[in-house]
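Two complexes come next, and they have one chain in common, chain A, joined by chain B in the first and chain C in the second.
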Partner chain A sequence: MGGVSRRSRGAEFIRKVATFSRIEGLLKDPIGILKNAHKPIMGWLCCYTPLEIILAAGIAPHRIIPEATSDMADSYLHSNFCPYIRSSLGKATKGDLDFMEGLVLVNSCDGLRRLYDAWRLYAKTPHVYLVDLPRVSTDVAVGHFRETLIRFKGQLEEGFGVSIFEGDIEEAISLSNRGRRLFKELYNLRKAHKLSISGSQVLDLVKGDMVLPKDHYLGLLQKLVGELRDGAVPRTNLPRVMITGSLLEDPGIADLVEKAGGEVACDDLCTGSRYFWECIEQDDDPILALSRHYLSKIPCARMMDSNRRLDHVMDLVVDFEVHGVICYTLKFCDTFLYDIPLLKKRLDDQGIPSLFLDSDYTPGTMGRLKTRIEAFLEMLREHV
Partner chain B sequence: MTFSETIMLERIKTELGPRVIRGLLRSGFAMESAKGAAKWSYRRENRAFGLWLDFLFDTMKRGFRKERPVVWISAFTPSEIPHAFDLEPILPEVIASLAAHIGVSEHTISIAEQNLYSMDLCSFYRCGAGLALGGYLPKPDLIISTSHLCDGAHRFFHNMSQLFGCDHYLIDLPYENGGRAHTYVIDELNDLADFIGKRTGRHLDDERAAGVLELSNRTRGIMLEINELRRGVPSPLSGSEGMSYVLGMNFSTLGSQLGLAFFRALHGVIQERVNRVEGIIEEERYRLLWLHHIRPYYPNIIFDILGGLGAVVSFEEANHIYWEPMDPRHPLEGLASKMLSNFGCGPIEHRVEAILEMARKYRVNGAIHFSHWGCRQSCGGSYMIRDVMKERGIPTLVLDGDGADIRNYSEGQTRTRLEAFIEMLG
Partner chain C sequence: MIVAGIDIGSLSSEAVILEDGEIMSYSIVLTGADTQRAAKTCMQEALEKAHLKFEAVSATVATGYGRINVPFALKTVTEITCHARGAHWLFPSTRTVIDMGGQDSKVISIDTEGRVLDFVMNDKCAAGTGRFLEVMAGALEVDLMEMGERSIRAKDGIAISSMCTVFAESEVISLIAGGCSKNDIIRGLHEAISKRIFTMAGKLRMEKPITMSGGVAKNRGIVDALRRLLKAAIHVPEEPQIVGALGAALSAWHLPSEAGMKNRGDWGGGSEDRAS
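What follows is the complex of A and B.
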């Protein structure tokens, strides 16, 4: 069908943009680039990590996103455990993460809580922190989380021999807000059909911000968004798909959708839009601002009120004119698994077709999912 | 399973049949007759067990009849809360274990799976969801859960609140005690009191609350005595019992007269066994500690295999009393402390320390960590616990299985692993 070639026109277009090629180049060796920044490197895993405090300490945050071929730490963590977590520990115990001076985990789910234990027992990272995180966003919880963040700030100051001033945190918030705004603009361009960029390319761009030195990266991103703004390509009439779930360990899944003749219009993923969707509202007390922000941002399934997440998914469906939703979860990720019955009902009520997939993070995952994605797109094409 | 349990459950099963069991869970009426039918067999043998059955039937009956507002609570929500507000507590996790016990969990789990509850989720919650979807449980007027131990404890109850269109209050528990954690939980409990008041018209009465906490403290005292008796050789109570009706009552009845009566009766039963020097098996050669709050509840032969090898589960972490007595004049403070002192919260070191203390106290030769398929929080720690225990000279077997879903249980494999483990104990 003709649509497929229209897709490639968009994807091809962006490939020709020099800045995009540069970013792709950087993403080939993020660790090398981080090391050149000569700052201590701090690993993180969950989108609830208060990155701004780390940035304010002069430390470079780097998200650990292991590829599907990683060692799964089978002798340290039970095999019925989130594969993202197991492969991260696998990398650490193999020595692949020795460049990190610290790791910060968040008490987001059972998996990460146990990872904190296993990491301290079996890996060698010098500083390992756990930031507690309430599951509700009441005023009391915001106050409590603020205290926790203050404690975390103190731990960083002590562990890394630095002083973090309010001004540093404010600066870090401005920096991270800059990224948030740029990504939002990028997504909005897709919303208005002004930009045909493949879903995996967008996710790669988001990933750049998570794994590369932020200040340097944002300069490039700003340039790129400017170039894209002026280089719109015509809209396609392909079925528009949204991917929702925990995280995509491999953006190639978005490619599968596109190769099957669809367009990834938007996502609700913690390697995608949930990472940046809202800006942090500044406040005289920057730590309070962070506390409020993280507890009230578009939630992931680990928060008590998952209805807010589902509302957001449904809003995205409307705003981005989505025809079908793919729900992608990692195996054993309980919090997202519990949302499935609720999400399915919401989508069915609105007559939105959905496909539920899970990944065990093995290299064969893509092959296994390909046929199902193709069948789903086939069905969507008949309906669009 | 003890002799009295076996007789009792066999009677329920054969005389009432599975279909009636479903009805039994569904209607208080059927329960009355089941109770009548079953009573004779347990009364003489184990009065505590009888009290448990009475409690179960009566609760379900009152719940279905809506004699007072029904509140669903999670296992670690202090039962003192519903008792203080005079609400009818229903614990879906406990009823799920009963459903497995009497052989209906396959049916309820399949209902849940048809409704998109993943096979990888904890089978107690899948079973609970199936019971709820199948109409086998009294409808909740409100739901209270805590975030203790596992994510399921708030996600499952959230889904149930959506299913029944009722409100859910989550007592969000900080990772660890210390700092402002205690104040945070007290603030939440105050808020919860308002929440309950608004939904049920029942308010916290200081005197009643003090009474409930006093009862809870007295019961705790007896539980401690029971645990002391359990240090004796031969073991007077099996872990299999410890993790069925004993645990069910521990979760549901603290703070009520019935709870006090139950644990008194149990104390009596155990004391008699101690006086008669009566153990669980004929020759107790190995004493074991069972790790995890649950065991398989569907028919299985784990404890028989162990018994055949001369091994007995002398104690289970589930019945470890970790909290201090509460000050009845300050109920919320006391409850907050109780919740925060749970050794399953915080870093794994808390659990390991508690386990090591139990291992020493009960003079066990080894431990079995039951790795219940859908339980992330516990399985996630199993290898670490095994490794640390090994360093301390306590061999630990990580036994994979499932508490309520028989599909994840393989008798052959279980036997091989248990035999190899006991052989290794020498």
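What follows is the complex of A and C.
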């Protein structure tokens, strides 16, 4: 089989790095660790959540991880919502998310709006907020979103009995930028084929920042990136695959790609590079800086400007010397599904093979995906 | 050199034995609930037909959805790659392969060397598969193998609106109750299945010539309906069910010989005697 033995040498190297083992240990029980930080915990789902305002309020943001659960909240939401939304509500109604004092949703898609409605009715989370996000990044939109963020700040201050000062937000932006820079460096090391770590492990590191107490985690991450900088491992000649799409569930198809003998070279995912790709440019008005940042970052398919994202994907293909692209969406993620023919055409025109996959988190899905991924890698190996 | 390919499908399993690039023998058995037994039985049958012992086979490659359950295979290759290789070997000019098997269907576009360029696959629902036809044959009380001929004899196709096996079955029952001729209903079913494959193929840059593989390719009615929709000739191998196993055997053929190419000794006791 084209399996385990093909796995990149980098993946083996990193296992011996103590800092990495420590992070892996923390990821086994992120909620326990968060609780120990003795801060109120605020759940979030969408990459457009203004995390810096939450951090500035002294609240610990924690992303609800996309994963299959036994309860997909079928009694509350119709099954034509994406599995991320249904599994999140499933966890909440089952009581798995009772540690959260709040939840911030962004109306980035119809599914999240309906989740907001259902959550307030059926889940026990005390504070549930909905942040209204424009679909364009014009000056008017930036001004409007700034107002929205100011209102959201007010809601947090009232709900949690805190005062958030400009300095707090600036500090949160610096902290957030520190993470963004570290992750960018990790990706740049991969670009230069210098990284002693596999793609799925990098995605795990990104996940760490989303679910663990940020300041503590970034300390570990900084140490790890330092250790990796020196641990160059010769590049492999495995086919280099990029994954683009909405979000990967845990453990996800990155792992399948690696087991089938591929290297996940980079990604354009909500649980990957879209979370951190650009730093937030500081401004005298920190909320304006946030508004500008979130509206002009590498967009998710829900924004109006599809071409900007597609250009970015094509740039990544070149920069990371990608042999093939896997376009991955969750079932019923209409915004991404809509973009796929456009993306496929662009890739076809450049002679880059692509594979479309979707998942609905049902048991057995992984077997279906495995055959397709193995066939895709067999195909890439014949052409590389 | 003698090599073998095994294709463990959801409904049937096939084995092909090749010697120096020529097919020596093949076998087709039902997979049933025990994949490993199916693998062994079909290999056994193919060996018997070729008057060979298992030891004479230098390498076996397994494919199909049960490919990891073939203990005596040296390597697994996905059915997508195997159908491409098999179809290319049979009809070297093939640029598109349409495989309609027991429980999945796929369209594969390949280059002049038989390498996969792109593919689409349906394996989540029974629509457009052999299983669908089996259920419909049951509802109509006709023999599955007769369906092709009957649809060719039909005067008119009846539009079948649902492609879901469950709903299409009840639609067929209503049509029978309404007094429609069986032949016309069968033709309608074939046209509906073909449309589904046609839509799937539309996701690829489909080039001609086209080769069909899988058990459903034995149904002339479907091949005809597809031919009309695609406005192209379709090659159908003499035995379309073995294309995947043939591709697996070809993969075994191309395994680098220096890679310690010896079959694993997991064949199991006693069976060698029966193989001779």
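Going forward, the second predicted complex is superposed on the first by the 370 of 384 C-alpha atoms of A that agree within 3 Å, B and C clash if a C-alpha of one lies under 4 Å from a C-alpha of the other, contacts with A are read in each partner's own complex, and residues count from 1 in each chain.
Note that in this section a residue touches a chain if its C-beta (ideal position, glycine included) is under 8 Å from a C-beta of that chain, and two chains touch if they have at least 3 such contacts.
Everything numeric in this text was worked out from a predicted model, so none of it was measured.
Asker: Touching A:R372 in the superposition: chain B (first), chain C (second), both, neither?
Answerer: second
Asker: According to the stated criteria, A:P353 is in contact with first (chain B), second (chain C), both, or neither; which is it?
Answerer: Only chain C is touched by A:P353; chain B is not.
Asker: In the overlaid three-chain picture, which partner chain does A:E227 touch, first (chain B) or second (chain C), both, or neither?
Answerer: So A:E227 meets neither chain B nor chain C here.
Asker: Given the touch rule stated above, what does A:E147 touch, chain B (first), chain C (second), both, or neither?
Answerer: first
Asker: Answer with first, second, both or neither: which of chain B and chain C does A:E382 touch in the superposed model?
Answerer: Once the two structures are laid over each other on A, A:E382 reaches chain C alone.
Asker: Counting touched residues of chain A, say whether chain B or chain C comes out ahead.
Answerer: B
Asker: According to the stated criteria, A:D96 is in contact with first (chain B), second (chain C), both, or neither; which is it?
Answerer: neither
Asker: With the two complexes superposed on chain A, say which partner A:L342 touches: chain B (first), chain C (second), both, or neither.
Answerer: Touch status of A:L342: first partner only.
Asker: Once the two structures are fitted together, what part of chain A is touched by chain B and by chain C alike?
Answerer: 356
Asker: Which residues of chain A touch chain C in the complex?
Answerer: 1, 348, 353-354, 356, 368, 371-372, 374-375, 378-379, 382-383
Asker: If we count contacts the way the header does, which residues on chain A are in touch with chain B in the complex?
Answerer: Residues of chain A touching chain B: 75-78, 80-82, 107, 109-111, 113-118, 121, 130, 132, 134-136, 138, 140-141, 143-144, 147-148, 151, 301-302, 304-307, 331-332, 334-335, 337-342, 344, 356, 358.
Asker: Under the definition above, what is the set of chain C residues touching chain A in their complex?
Answerer: 65, 68, 75-81, 115-121, 123-124, 203, 205
Asker: Using the touch definition up top, name the residues of chain B that touch chain A in the complex.
Answerer: 115-118, 120-122, 147, 150-152, 154-156, 158-159, 162, 170, 172, 174-176, 179-181, 184, 187-188, 191, 347-349, 371, 373-374, 376-377, 379-384, 387, 398
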